[in-house]
Structure formats: C-alpha cells, structure tokens
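Order of writing sets the chain letters: A, B, C, D and E. Residues in each chain are counted from 1.
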Amino acid sequence: MPTWGMGGCSVFLEINDLNTYYGPSHVLQGISLTVAKGEIVALLGRNGMGKSTTLKTIMGLAKPKSGQVVFQGNSIFGNPPHKVSMAGIGYVPEERRIFPNLSVEDNLLIGVKGGVIDQSNPDAWTLEKMYEVFPSLKKRRTNKGANLSGGEQQMLAIGRALMGNPSLLLVDEPTEGLAPIIVEAVRDILAEINKMGVSILLVEHNLNVAMSLAHRVYLMGKAHIGFVGTVKELDNNPDARAQYLEV
Amino acid sequence: MSTSILETKDLFYDYSGLQVLTGVNLQVEKGERHAIIGPNGAGKTTLFNVITGLYAPCRGKVIFKGQNVSGFKPHKLSRLGMGRSFQITSTFHNLTAFENIRMGVLSRMGIRFNMFQRVDKLKDVTRETDVVLRRINLHRESAVPANALSYGKHRALEVSLAMSTNPDLVMLDEPTAGMSRDETHSAVDLIRRLTEGKTMVIVEHDMDVVFSLADRITVLHHGKVLAVGAPNEIKNMQEVKDAYLGHGGV
Amino acid sequence: MNKFVRNLIMWVVFLAVAGAAPHVLGIVKTNVLVELATFALFAVSLNLLLSFTGVLSFGHALFYGVGAYTTALLLYHVEGFPLIPALLLSGLAAGLAGLILSPLLVRVTGTAFAMLTLAFGQLMYILCLKFREVTGGEDGVAGYDIPPLNIPGVASLDMLDSTVFYYFTVVVCVIGIMIMWFFTKTPLGQVVVGIRDNSLRVDYLGYRVRHTKAIIFALSGFFAGIAGSLFALFQGVVSTDGVLHVMVSFYPIMAILIGGIGTFFGPILGSGILIVLEDMIMRYTERAELVTGLLFIIVVLYVPGGFVWLWMGLVARFKARKLRMSKEVEA
Amino acid sequence: MRKVLKSVSFFIFLCLTASLFLIGPALAGGEFKLEDMSDMSDFDPNNFQNPTGDTFKIGVLQIFSGPGAGNGELFWITTCWVAHDINKRGGIMIDGKKKLIEVIKGDTMGKPATTKKAAEKLVLEDKVDVLWGTSGSHLALVIQGVADRYKKIFHQSLSMSDSLMDEKNFNKYTFQTMWSTNQVGETTAYFYSQRKKEKKFYIICQDYLFGHSLAESFKKGLTKYYPEAEVVGEDYHPLFAKDFAPYLTKAKASGAEVIFTGDWLPDGGNLVKQARQLGVNVPFANIFIDEPNALSAIGPEGTKGLVNLNQYMGDANNEKGMAFGNKWKELWETKWEAPYNTLLYKWPGGTIGYAVETTYWMLDVFNRAGSSDPEKVIKVWEGDVYKGIGGNRLEMRACDHVVIRDTYATEYVYPNPWFTELSSGTEVFTIPAEKSMPVDGARCK
Amino acid sequence: MSPVTAMYVAQAIHGLTYGMLLFLVASGLTLIFGMMGILNLAHASFFMLSAYFCYQVVAWTDSFWIALILAPIGTGLVGIIVERFLLRKVQKLGLGHIGDLLLTLGIALVISEAVKTIWGTESHQVLIPPSLQGLVTVAGLEYPIYRLFIIGLSLVILGALAFILFKTRLGMIIRAAVSDRDMVSALGINMPRVFMFVFGVGTLMAGVAGVAAAPMLTVFPGLADQIGLDAFVVVVVGGFGSLLGAVVVSLFLGELNSFGIQFIPRLAPVLVFLFMALVLSFKPMGFFGERDE
C-alpha cells in the first residue's frame, strides 16, 4: 500500500488552487489534490461538477487561469497537451475518442511516443504485451476503430494511452455505458495496470468500481472538492455520500 | 388523463444505430413540477430534444395540450406554449441581459417581423422586459452583455429566457449545472418563483435541487422509464439506488 | 440630452464637411468620394449579413450586379426613364434576387454558405458573359444617358454635373445607411442579431428563423442593388468585370474586416481606408496590390477585428486609466 | 471710310479663303520622314525623362499594374520613343509656341471603374492635351465617355472593336487609329482567297465580345471573297484558359487546314505551343501571335507556317521601314536594359510599329492644328492623310473617325533575317485598303 | 483506331491530364482545410510561385529536372514560413475563418506583386525537356509524351501521398487529426509542428503542379487565377478535408472540361458552377465531406 499524504518524494502529481473558466463560467474553483506514486485516486461526484474538466485541465486541453500543477517536481501548468503527455501523463478520455478511421493497431501505435517502441526498456509497452493484456484487441487489430463495440473501444482507449508508457494515467468514466461484465473487465485491467506501477487518477460515476479500485477518494461538489479521504473513511461517512453522490 | 399537459407515448429515438430512447412513456400533469433524473447516458437530454422539437422521434408520439406535436419545429411548439432552457448556457451572449429578455417578450407579444418601428420605442415591450428583469433580479445588470454576467446570473438569465415567452409548459435542462452552492440556492428560489402556477419539467443532477423543487419524479434508465413517483417514494426505491450508485451498491 | 447634443454636433460637422468637400477638393477627388460613398453603402449592406446575421457571403457582387444591370438596361432601353424609379427598381430587382435564392441559402451556414454564395455569384458572372445579347458581355452596357433628377415644381438637377451627382450620391447613401441602421434597431433587427448569436434559441423563442433570414437577404440585396445602381449611374458603363467579378465580392469583406467586424459603422471606416488609400497609392506606385496585401496582413496580425475595435480598446483603456486616477486622487 | 474698310476686309477675307482652298490640300496631310528623325542614341526607356514647364501632355491609359501590366510596359516605350524624338526636334507648335511632349501614365488596371478614374485624373488634374490608349474595348468605351464629357481628344490607338465608332458609341473627340475587327476578317479572307491553297478553316477565339465579333467578321469575309471556303468548326474558350488540348483535338479531327484565331497573349502563345506539343501542325492565321518571346519557346519548327495579319509591317515591307527598324534594333542591342532587352523589343514590328507610327501621326495632327483646342484638331484630323513610317497611306475617315489603310499578311518562314530563335515573315502580301474596310459608321451612310 | 475514336480517347486523356493537375493543387487545399480549418485563398499563388521558381532554376541550371525538384521544395519552404510566422499567429487570435481569409488574401496579393517585382510583368517561357518532347503512338493514337509524363508524375505524387497517409506514422497522425486533433495532441504529438508540415506538403504539391504546368503554359502573373477557382470548386464539391473527394471531383471536372468542350462548348464553364451550386444546395458538406467549420 503506497503512502499518501502531502509532500514528500512520494507525491507525484500535486494540484494547488486550480481555477478554470469556460468563457464566463467558473468551472473549477480552487481545486487542490494530490496523487502519490503508485496510487489510484478516484475523483467522484455527480455530473457537471467539474471532474472531467479537472482532468482536461491537467492534460492541457482546458486552459487554467491560475493555480499550480506540479508533476514529478516540474510545473506543467498551462503546458500544451503534447508536452504534458511527453512528461509522462496518459489520458483516457470520456467517451473514448477512438480515431474512427484508423485500425485498432494504428490507434495503438499512434500512442507510441516518438513513433518508436523503446526495445531496450523491458518495461516498455509493446504491441505483443498489449495484446496479451487485451486479447480482445488482438482479434480485431485490423478493424477500423469505428467498428468496435463500446467495451473494445474502452480497452483500446486505455491501451492507446499505455503505449506512451505513462507513469500517471488520467482515466475519465471508463465504465460508462458498458455492460456489467465488461465493467468488471475494465476494473480488473485498471487494477492490473496499477500493479505494474502506473498511478491512476480516476473519474468514475460507478461507485462500486471506484470504491473497489481506489486507495483514496476525492468527492467533488460544484466546482470544488468537498471531501477527501480513504475509501474506508468514505464508507464511514454517510453524510458525505449522501451530499455528493446519492439520490 | 385529461389533466396531463404533456404526454409521450412509446417514444423511440436512435442516433445512427445507437438506441437512446427505447419506448419512453411520460406523463406530466398540468401545474405540476416534474423532474426527470437518471444516470448519464440514460437519454434525458435526448428526450428533452425530442419533446421540444429539435429531433423528430423515430417512433411514438408526443402529445402537448391534447395535440399530437411529434415532429413539430421548435418555433411552432413555442407558439403553442412550450419553452425550454439549455444545459449548456445558450443565451444571446453578445446581447445585453435586457436585449435577451426582450427577445422573448417580443415573441410573446407576437412582434416577430416588425421592421418599421424602433424596438426601443415600443413602450410596452420595454416595460414588460423591465418587469421580468426585476423579477429575476437582473435589473441592475440590464445593460451588461450576457457573457459578461457572473456565471450564476448568466444561468438565471438562461432559465428566465425560457420563461420570457410566458409558456404554459417550461422544460428546464439542468438549470443549476456548474453553479456554486450559493448560486444554486438562489437559482432554486428563482425557478420556484418563476414557475408558480405553471407546469415545469426539469432535468437535474443536483438532488438537493430535485427534491426541493419537484412534485413528481421520473427516473430514466437506459432509454426507458424506470420509476415514477413522489420524491419520497423515489428516494427509497432500491432499483433507483442501483441505477445511481452502481451495481450492488457499496 | 448630452447624447442628443453630441449627435447634433456630429451631424453638423458631417454635413459641413460633406457639403464643402466638392468645392475644396476638385472633381477628381470628389469622384473618389462618390466611389467611397457607393462602396460604403455596398459594404454596409454586406455587413448586415456578416456582422448582423453571422453569415459570410462570397457572392454579394451578384446583388450589386443585378442592381447595376437593371439601371443600365432600363436607362438604355427606355427613353427618358426617370432617375429615382430606376434606382428603386434596381434595388427591388436585387432584393428579389435575394428572395429567390433564399430558400437555398437559408438552409446552410458557415463555410457552406460562403461557398454556395460564391457559386451563385460565379454563375451569375458567367451567365452575364454568355447572354451578351442582353448584357453586352465583356463590353457591357454603355451609352445610356443619366437622367436629371426632376423634383416636380422645384427643380431639375443635372446629374452630369459632378458636384450635383456627388450630393445626390451622398444623400442616397446616407439615407440607405440610415435605413439599415434603423433596421438593426427594429424588432426584426433584434431577431436577426439573435440569429447570429444563437439561431437555435431564436427558434425556441417562437421565431421563424428561415423566414427572418430570407427577409434580411432581400433587404441586404436591396441596398447592394442600390449601390450597384449608383455605380451604374456614376460610371456610365456596366460590365461583368466591373460589377460581378469575384473581387467585387471580396473587396467589401476586406473593408468590413479592416474597419471593424461586428460593428455597424466599421465598414464605413474600412471603405474609407481602402478607397482613399488605393487612390493615394495609385498616385505613387504601380504596386498598389502589394500595399493592399500588406495592409491586410498587418491588420489581421496587429489590429485583429479592425480599426473600430482598436479605437474602442483605446477608449476603454483611457477610461480605465481615468477611473484609476480619480480613485487614486480620492485615496 | 467705313465702307472702304469693309470692302477691303471682305477682299482680304476672300483672298484668304481662296488661298486656303488652294493651299489647303497641299497643307493637309503629313508625313513621317526618317531623315527628320533625331538622334535617338540617348533614349533610355528605363529612365525616361519628361520635360518640365509648359508642355504638351499625352495621357497614356494602359494596364500598368496587375496581371496585365506587361501591356503597359510595351506601350510605354512606344509613346516615350515618339516623345523623345519630337522633343529633340524641338517639340510641336501649340498656340504659337513650341511645346515639348510630356508623357503621363494612367493605370487602368484593366478595370472599367479604375479606367474612368484614371482618365478623369489625367484630364482634370494632370490637364493632359490628349488621351492615348487602350487595350480592351470595354475600357476604350469608358475613356470615350470621359473624352466626350470633358471635351478632350482621345487617340484610340489600341482597341479593335467595330462597335466603338458605330452610331451608338460614336463621339467626335475619339479617333480610332487601330484597325478594326471587320478589317481583320476581310484581310484574312481576302488573303486566303488570293492564295487559294487552303479551303477548310477552323475558328478558335476567346469567349468574349471581341473573339466573337472577330470570328463573325472572318466568316463574313469568307462569304464575300472566298465563298468556296468552308468553316469546319468554331470554338470559344475562356480568357486565360489553361488547357487548349480539347479544342485542338476537335480542330484536328475536323480536318481543318487552317486555324483562325484572334487570341492575344498569353492565350495565343499557349494555343500554338500546345498545338505543336500535341502534334497538331495545322498553321494558324492570327493577329497577335507575333510576340517573339512566346514564339521562341515554340521554336523555329513550330512557328513555321503561321500566318500573321497586321496593319503594320514596316520592318519587312520596304526600305524606309527597314531603316527605321534598324535604328531601333541598334539601340535594343546596345542600350536597353530589362525589361526592354528581350526579343519582344528587338524589332519595332507589328504592335510596337503601329503604336509608334500612329503616335507620330497624332502629334503631327496637333502640330498642324497649331492648337490643342479639340475643335481645331478635329477639323485637321478628319479626312487627314498621313504617310507612315514605311510610306504607307493612313487616312482618317471623316465621317466616323476610323482609319483606312492597307493591311498586310505574311507567312512565317525559317530562316529569316529577323530572328534566329523563331520563324518570321519575309514576304509581305498587301491587301489594298478598299478590300478591307472598316464597317461604315452611322454617319457614313 | 478510327479517327473519331482516337478523338474521344484523346479527349479522355486530356481530361485526365487537367484533372490530375487540378488534383495536385486541390489536394493540398483540402488537406489544409480538413486538418487546420483554414480556407487558404493564397493556395493557387503558390502554384504560380513555383512556376516562376521553375523558370528561374531552368534559367540558372538549364535543367528542367533540377527545377522539378528544387522549385516545389522552395515553394514548400515559403509555405512553411507563411504557416509558422503568419498563419499560426492569426489562428491564435481566434478570429476564425475571417482572420484566415484576410491573411491569405493578403498573402496572395503580396505574392503576385512580389513575382512582378522580381521577374517583371511579361510572360516567361519554360521549355519541355528534350527527353519529353514529341509524341508516342499507341494503337493509332498519337499522344504527347509530356502530357503522359504529367499524368505519370501526378500518379507518383498521388501514390506517395497515399503511401504517407496510409503507411506511415505521420499519415496516421494526419488522418487521426482530421477527426480529433485535441486527442492526437494529448497523445504527445506536437500538433503545431504537424500543421506546419501539412501546410508545407500542401504548398509543395501545388508547387509540383506549377512546375508540371509551366512548359505547357506561359509563366505570367495571372497564371493562378483559373486553376485557383477550379481547385476551390473541387474542394467544395468533393467535401472539405476529403482526399478521396478531391481525386474523384478533380478527375470529374477534368473530363467535364474535355467532353464539355467536345459537345457543348458554349456551356462548359456554366456547368461547373451550376454543378457546384446544386451540390451545395442539397449536400452542403460536399460529396465526401464529413465536417463543416
């Protein structure tokens, strides 16, 4: 179990007082969170609270107005997406955003940094390794992205991000719209990836999945963080759950 | 039956193969505040768009005030007395708050093709617009362009715009989306005041809002109606909890 | 009251300057002003579409051309056809053209609208070249007499007199621009602005977006036609290259962009800059297009949105500074 | 006393009138004399120095900017040449004193509106005494309007349309020294009718008024002079067309023996060039494909057999013309720099030749009128006869102000004394003026 | 082959030649629009610029072949400079199409004036290299080698383009970026640099067309006008951003041109725009288009 907490070399990603606007709409109002090395952090909350925007802002896809984003000791605040990615953050977006006119294999290969798989690094992801982890993708490697089922697309989106060998993965609603059995599979894969040493910041509406995966949980209310704690702490806090999650 | 103002019968809709609505039967009684809730992708917004005429249903009927209005265009529905707001703020962002509201007021007064009078010389329009602005507490910002308003006020304008044509039925799509708690609070007040004596259908994720506003709730799940009932009944239904909190709960 | 006084002063200054211009400048420069006024009217009519309806037309020359040809053909074929009816009929013909095309045009926006208008504009251009029995093709229609302006019982003004024609043009253009300005202030004008900002919302408020758009196309076409008619009267010759060429469509767009997009008076400023600059450049160099080209690049890089916005930005900054200073004084 | 005075003055008046009648014909008409020409060795078209002070001003209206700017350059050198020559001779007599010639550019940009502006600026601001130009009949028409309105002589030296001087467009201030489309048609038809070698003609012209009226006049000419000939096809292509192959393939398949074209450059050059590339070796009868730069790209083989029709062939025609041409060529070889050092400017052949010749004529007319008062100039120029550079006769038809002159045709051969890079004409066939008349204007009927 | 058949076959090949040239110009235009959303009014000017470069290189080296390589590269470099220092800045300002429009029209004007200042206003000639002069005879049909060379050259370019697009990583990135450029950049790919490359390649292809056309035509300042408008029609009718659309419509327009002239010469140019108006009225995205904006 990795340690968590503020500061120390184990802090991997640190976000401080992040503010983002969409036009006049203040969608992130002073968000602060941390992700430690090897940790899975879940960011939960109802729709429209700014969870996806938080990920997008980290990724550089939404422009933050103020705050700090420090990754592995370097500020990546306001960096364009490709620089954030090169720094070692992978992104699995909401609704997968698979390239519909590319084959499965091309969808994977496009995620390789610099286009060349680093053979010298035994930990680096290769197509073979990927197909081992995602056997369903191997079968459909020549199919166009548009022709995959939702579950396959989700696997592909995760695989695509992994091909860049990220040390931190931002995963946005990976189980949305998937059949229960696939949801299980996705959860297992995320757990497996985490075991390989990849930290994960997860946005998830399926509490079941989130609670079984995460080490630590942030609950988001409107544009702000409302609760921080371990899974256990959340379990023991029905008020927080009622306020931020339940009906 | 005769009291229902809006009804959908076995409504189907799909986006090029992706089934979104799979037989929705909805009933909204005249004068009630009706909330539609459900997890993401349940088809709430699509249902809204089909009812308000943005999309024509693939199958099924939309009945408004006893008339089959399936496939009617938005402007026609508006003239029949239906208004709507949008989840993503969709005002006239370069126009001032005053001009925004005036757009609705003009339509309500049937001034739609007049190009022979200056609009600011139409005294009753101006007066009426001012009344609305005062009611929504925007009269101090009447000359401020919509996109320069604070987020909360901009959302309030969004909702008020839907009300500005004085519709009998107003459809609000996540009116408090993206608001802070304080803003949400005043928005709920505003909605309650504005929809006094009207029929309202609301889609919302903020359960505080839903429970403080709604008389009746429909839960949508996978393109179907999962449950209908009063707030308290809904709160305690196991299937609703399942739908919201994931499989098996915590 | 303050505003009223300011407007009054502005009108007085304008009338004084415009009235004195031909006597100070001489015929050649007065004619540049005639060109400017006509072009400004044309640009403002296009701006009704671009800045107020939010669609970019690449084929506005079509309406300009229809107006110009109508005037030329009327005067050419009908002996003694009076001036004002010719002007109005030209505008109506162009407006009608807008109405006829509107069922196709209202369906599209954005790039597709630009390309569709380009297609119609080019189609008109080529058709006019082909129907040379009517239009005279490349040579165009020429040799018609510009009728005098008869005001029954008052006077008959000889339009061949450059100064008189200048006054006539200025009056027509000012009236035309004022009507368009007035239009933007009417309820329908408001709806049009609403369509630009958010056409879906307009629909949801109970307005018929397509009908409204059709009206604005017709109106914009009408004034473009009036501008074309003035051109025909001024030049005494109307040819395809002169009124229907694709550059005739592009030029007013440039004027709008240089002057200030999204504003009503920006295009007038832009027209002024373009026409006056071109006249000045042509006196000194044969590389007029180089200067225009560089102007476009510089404007887009350093004055994005046009000069009116630059001016408004400066005013805003000045006001902010004044406010800050007054606050400091208070403190 | 009074009576005496009256009768004396009447007598004097009578004498004067009589002398006018006697001397008039002798005075009427001028002549270009090579021996009078000044030493042109200091003529530098790149840095033409206009005289200052009280000058006689020519406003040259041409395209000086935009894609067609090459036209402006071409005619700028011709007017400058004449001005330089006349200035070295001391100028022309205007209002009792010798005035030097000043040449002022007016840029039409090829657009009607700009043309009007430029013409009005020349008349009103620069106060030119005569307007000169221009290519494109629609532009010429605009200038005619300006000339009429401000009562300035317009020496219409470059547009060919017959309609410019018809009953509708005629104005007394305009004098057209360029031959017209009808003359081209009749010239061509007459030439082939005398040659009787080819019978099948194909017409390829530019798809605008000029191309069409040229084609019409050619067909009319054939019916008049050569009824046994046959037009086997005709096509009209857009201006500045890119690909002529489809037209040429049709022409080839039609079995035509000659392709008649009115295309000017670059279309004409591209037409011939692509024809030769396609292996279509049919000769072209043309009026504008005499530009050596374009022809040199096609080479001597490809340009062989082209038949050029022209209103001026001073260079090849006779000794006088040759002598003038040689003077020009010497300067070209030794003095001129870019853009005036290309093959185009080597010989004052067709285009340059007639522009120079008729400009001399125009100045001579003003000189003889002794005034720039249009009414006086009109009186002199109407019916005037001038002997051109090669001694050829130019007559200004009084009734509609169009030139009447012999025209010429030549077939290109190789080798020739003019160019090593291309074929050119050596033998010139003269079509007598009465065989190729401009259409009668309304006032001539 | 009977002469009549020969004529029709020849017309078909003419259509192919012009269609392929048009494709070279239009493909760059459509790629630039598809990926970057830029309506490049200066595109045809690059075509003309390359023809001038070609003339210049031939004048210096006397070799068409060196020109065929150097002129398009030079044009592509100019394109890259334009993208890097002008377009990119303007795109950042967020003026949308309007900004691009003003800028690229400005660039078009500046290029056409620069050309006149450097090379003068008169026409220049480029000769067909000796090895490509003359005709070949196949089954009784004589056809010029140079035109066949143009078709071949265009096919090579088309092949190279297809290879880059479908067989290389870069092509993968470009295809992906047409549908979702944000996602591509989130995978660590420097999109601005890809844009620069695409703009360079687009102008380079227009450059190849310019060089190929130079010996058939005259190099003069108005060279770009007609082909520019035709290329626009291709892009619009084919669908913005669709290479397949560009190929199909280019060839269609080429044949329409040839056989239009053969059968209804007077109406050929009207047909093109009538066709465009019809397509746009009923299919605003063009035949193969996916996206607007």
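Keep in mind that, in the parts below, a residue touches a chain if its C-beta (ideal position, glycine included) is under 8 Å from a C-beta of that chain, and two chains touch if they have at least 3 such contacts.
Computed from a predicted structure; not experimentally measured.
Stepping chain to touching chain, what's the minimum from chain A to chain E?
The fewest touching-chain steps linking chain A to chain E number 1.
Can you tell me the least number of steps between chain A and chain C, where a step is a move to a chain it touches?
Minimum step count, chain A to chain C: 2.
Which chains, if any, touch chain A and chain D both?
Both-contact set = E.
Looking at CA centres, what chain is most distant from chain E?
Farthest chain from chain E, going by C-alpha centroids: B.
Between chain D and chain E, what is the gap in Å from one C-alpha centre to the other?
39
For chain B and chain D, what's the span in angstrom between their mean Cα positions?
The answer is 78 Å.
Averaged over CA atoms, how far is the centre of chain C from the centre of chain E? Could you give it in whole Å?
34
Where in chain B do residues touch two or more of the other chains?
Expected reply: 93.
For chain C, what residues touch not just one other chain but two or more?
287, 289
Can you pull out the residues of chain D that are in contact with at least two other chains?
If we look for residues of chain D contacting two or more partner chains, we find 66, 69, 72, 207.
Could you please write down every pair of chains that are in touch?
After working through each pair, the chains in contact turn out to be A-B, A-E, B-C, C-D, C-E, D-E.
Within the complex, which stretch of chain D touches chain E?
66-70, 72-73, 207, 235-238, 240-243, 245-247, 249-250, 252-253, 265-266, 269-270, 273-274, 277-279, 291, 293-294, 296-297, 338-339, 342, 344
In the complex, go through chain C and note every residue touching chain B.
182-183, 185-191, 193-194, 196-198, 200-209, 211-212, 215, 219, 262
State the interface residues of chain C toward chain D in the complex, per the touch definition above.
So the residues of chain C touching chain D come out as 26-28, 31-32, 35, 129, 132, 136-140, 142-143, 160, 231, 235-237, 239, 241-242, 279, 282, 286-289.
Write out the stretch or stretches of chain D touching chain C in their complex.
64-66, 69, 72, 105, 107, 109-114, 116-118, 120-121, 124-125, 136-138, 141-142, 145, 149, 161, 163, 168-169, 207-210, 212
Please output the residues of chain E touching chain A within their complex, sorted ascending.
Spelled out, the residues of chain E in touch with chain A are 169, 172-173, 175-176, 178-180, 182-191.
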